[in-house]
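Before anything else, here is the set of structures, which you'll find just below.
Both of the next two complexes hold chain A, though its partner changes from chain B to chain C.
And then the complex of A and B:
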């Protein structure tokens, strides 16, 4: 247990020292959000209808910037090899890494998505489902990102995103739908529950698969 | 019975045995599949009756339905092979996935294309974000990811393992995609389009369709075995048994 807490502290330290890990997704998110009105239309009525989808797609794309961070640096300096050789529970270590990556790359975006009320004219009743669906949906996306990152370690190829984006489709659908439901006055609880179910169902599977994928690089 | 099945399974893992047996089966498979496809195409295109509502356009189902059905079948069989590879480390399963993935992608593409060509005169549009179409598109993307993953690993064994992991995660995720697309679709586009003509299909149309489905399944078996043999010969080209086989011919 102490071992895992130490790893957690170490990961926090690494991410907080490396400011680009949490600044670049945020910058990407803000720039894209402010480009949409310019590129599509500045008409509040049009933007209001598009806002849920635009925000979710932008969040999905901004995780593409950070998912390589989960394992790539540890792979380059060789510390993954030591973790694999340590004999500790690898799924737990991977879980800690994904968790810290989520805190630094997704949490700031979720906080900033509040600005979409002003920038994309999202009605106020859409804010609650937006925040809740992002809070529950983005961990699943980070899981897929970890798997894609573990598989495409040390390679700059399109395979990572090509693997991650089709997998994230259900989360995108359910997340946007939750916001649209609340804008139309329908109860959105079922979507949130489904998102939670997907997260809980996929968590052990993806952790297991990511560990398998990591081991591939060292045999 | 069980013992014989077990024996068969163990033999299946051996490259020389598979190479020998598949060489014997392939000519028959090729003959039957191509004959069946030709017969069902001629029957379906010229002799089966014209549809009362859709006219002659419906005849594309003799290509469309077999292609889509076989593309899903290939994916599920690949996921079984992936599980076999990850659990028992059977090398043949890796060969199977690598050889069948491009065939599956090709048939998914044929299915999507023929569906679009059918959709243009019937629905008035090439593409609809209908539940079935979207989940087939996602299936196609999974195939592409699997094919793309093959080339990113230097060692054969790592590539096989990586591809097996993706295939299994994909097969876990596909039902979720299908269900979520269903909910998304049914609530936003209430049944404006349904492909319900199939269930009430008349026998004169159904028989050539079944023939073409059988033909395409055999054709996939035929091309699958061919490409598995090619893959085996590229992996085993320096082995003793393969050199012996080459020198014999």
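And then the complex of A and C:
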């Protein structure tokens, strides 16, 4: 346990000093959200209808920026070799890396998505499903990002997103739908439960697959 | 004891080395020598558990913990020298005072708060030597540990080899230099 706490502290320290890890996704998100009223329309009715999809797509694209590097730095500096040689539970280490990545790249975006009320005229009743669906949906996207990152180590930068985006579509659909349901007065709990089920179901599978993909690079 | 029997490793249908058999008892140091590409680093990666798809037999008896140090240092550029050692996953929980005493021996104490990105290759290698000094593993696998080191640190590392061996550890390290010491050799050229 001490070993995993040590890795958790190390990852927090590394991310906190690597400003690009959390500033880049946040800046991308803010710029995109600000551009939609200019590029699409400044009509509140149009933006209000598009807001759920626009926010979710922007969150998805923002997280892509950070997942490119989730394992690549460790691969290049030799840390992954040391992890493999340590004989420790690699799934747990991958989980820690995904968790810290989510804290630094997704959590700030979720907080900032509140601003969409003002920029995209999202009605206040859409805020609750937006925040809940992002809180439950983004960890799943992080899992897909980790798997894509592990599979695309040492390959060109388009391989990761090309793997991650199609996998994320169900989460995107359920998240957007939850907000739309709420705006239309329909109970959105089923969507949140489905998002939770996807997260719980995929967590062990993707951790196992990511560890396998990392090991594959050394065999 | 560390024992291999007919150990072979191939990459892209070409054998890097084949039929390698040796036994290493506790309290001993072995040096891997050989030409570039003869499989020194590959063998160390197999022994450390990084590479699994070898042929032949490998058994590590009475080996509780392994300390592996490869060509790549595993250092994080945005962590200081002291932090890199403190968070080194190969080490048990250690205090800053223990780290400081080792850094003093390696003439790195003045750099302890500097991020490793700003250090020379030799200084980065010294950070790995500091971890090696602080480790209490019983099998050490070191890939060219003397690369980029000055003569003073090289002598210090040789002294540490003796200390580790006296405490019952096994050390296997790779080197390009055959004749500058009297460690028993495993010549990888013989198995290509």
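Just so it is clear, the second predicted complex is superposed on the first by the 218 of 219 C-alpha atoms of A that agree within 3 Å, B and C clash if a C-alpha of one lies under 4 Å from a C-alpha of the other, contacts with A are read in each partner's own complex, and residues count from 1 in each chain.
One rule holds for everything that comes next: contacts are C-beta pairs under 8 Å (C-beta built on N, C-alpha and C of every residue); 3 or more make two chains touch, one makes a residue touch a chain.
Note that the structure is predicted; figures quoted are calculated from it, not measured.
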| query | Taking the superposition as given, does A:13 touch the first partner, chain B, the second, chain C, both, or neither? | reply | second
| So, A:209: does it touch chain B (first), chain C (second), both, or neither? | first
| Which of chain B and chain C A:2 touches, first, second, both or neither | second
| said: By the touch definition at the top of the document, which applies to A:78: first (chain B), second (chain C), both, or neither? | reply: second
| Given the touch rule stated above, what does A:152 touch, chain B (first), chain C (second), both, or neither? | first
| message | Looking at A:198 after the superposition, I want to know if it touches chain B, chain C, both of them or none. Which is it: first, second, both, neither? | response | first
| request: Based on the superposed arrangement, let me know which partner A:177 touches: chain B (first), chain C (second), both, or neither? | output: first
| said: Just checking: does A:87 make contact with chain B only, chain C only, both, or neither of them? Give me first, second, both or neither. | reply: second
| When the two structures are overlaid on chain A, which partner does A:163 contact: first (chain B), second (chain C), both, or neither? | first
| remark: chain A residues contacting chain B in one complex and chain C in the other 219
| note | Residue positions on chain A within touch of chain B in the complex are 147, 151-152, 155, 157-159, 162-163, 165-167, 169-170, 173-174, 177, 194, 198, 202, 205-206, 209, 212-213, 216-217, 219
| chain C partner contacts - residues on chain A that touch it in the complex | 2-3, 6-7, 9-10, 13-14, 17-18, 76-79, 81-88, 215, 218-219
| task | Give every residue of chain B touching chain A within the complex, in rising order. | result | 86, 138, 141-142, 144-145, 148-149, 152-153, 155, 157-158, 161-162, 165-166, 168-170, 172-173, 176-177, 179-181, 183-184, 187
| message | Going by the contact rule set out above, which residues of chain C touch chain A in the complex? | response | 45, 48-53, 66, 68, 70-79, 83, 87, 89-90, 93, 141
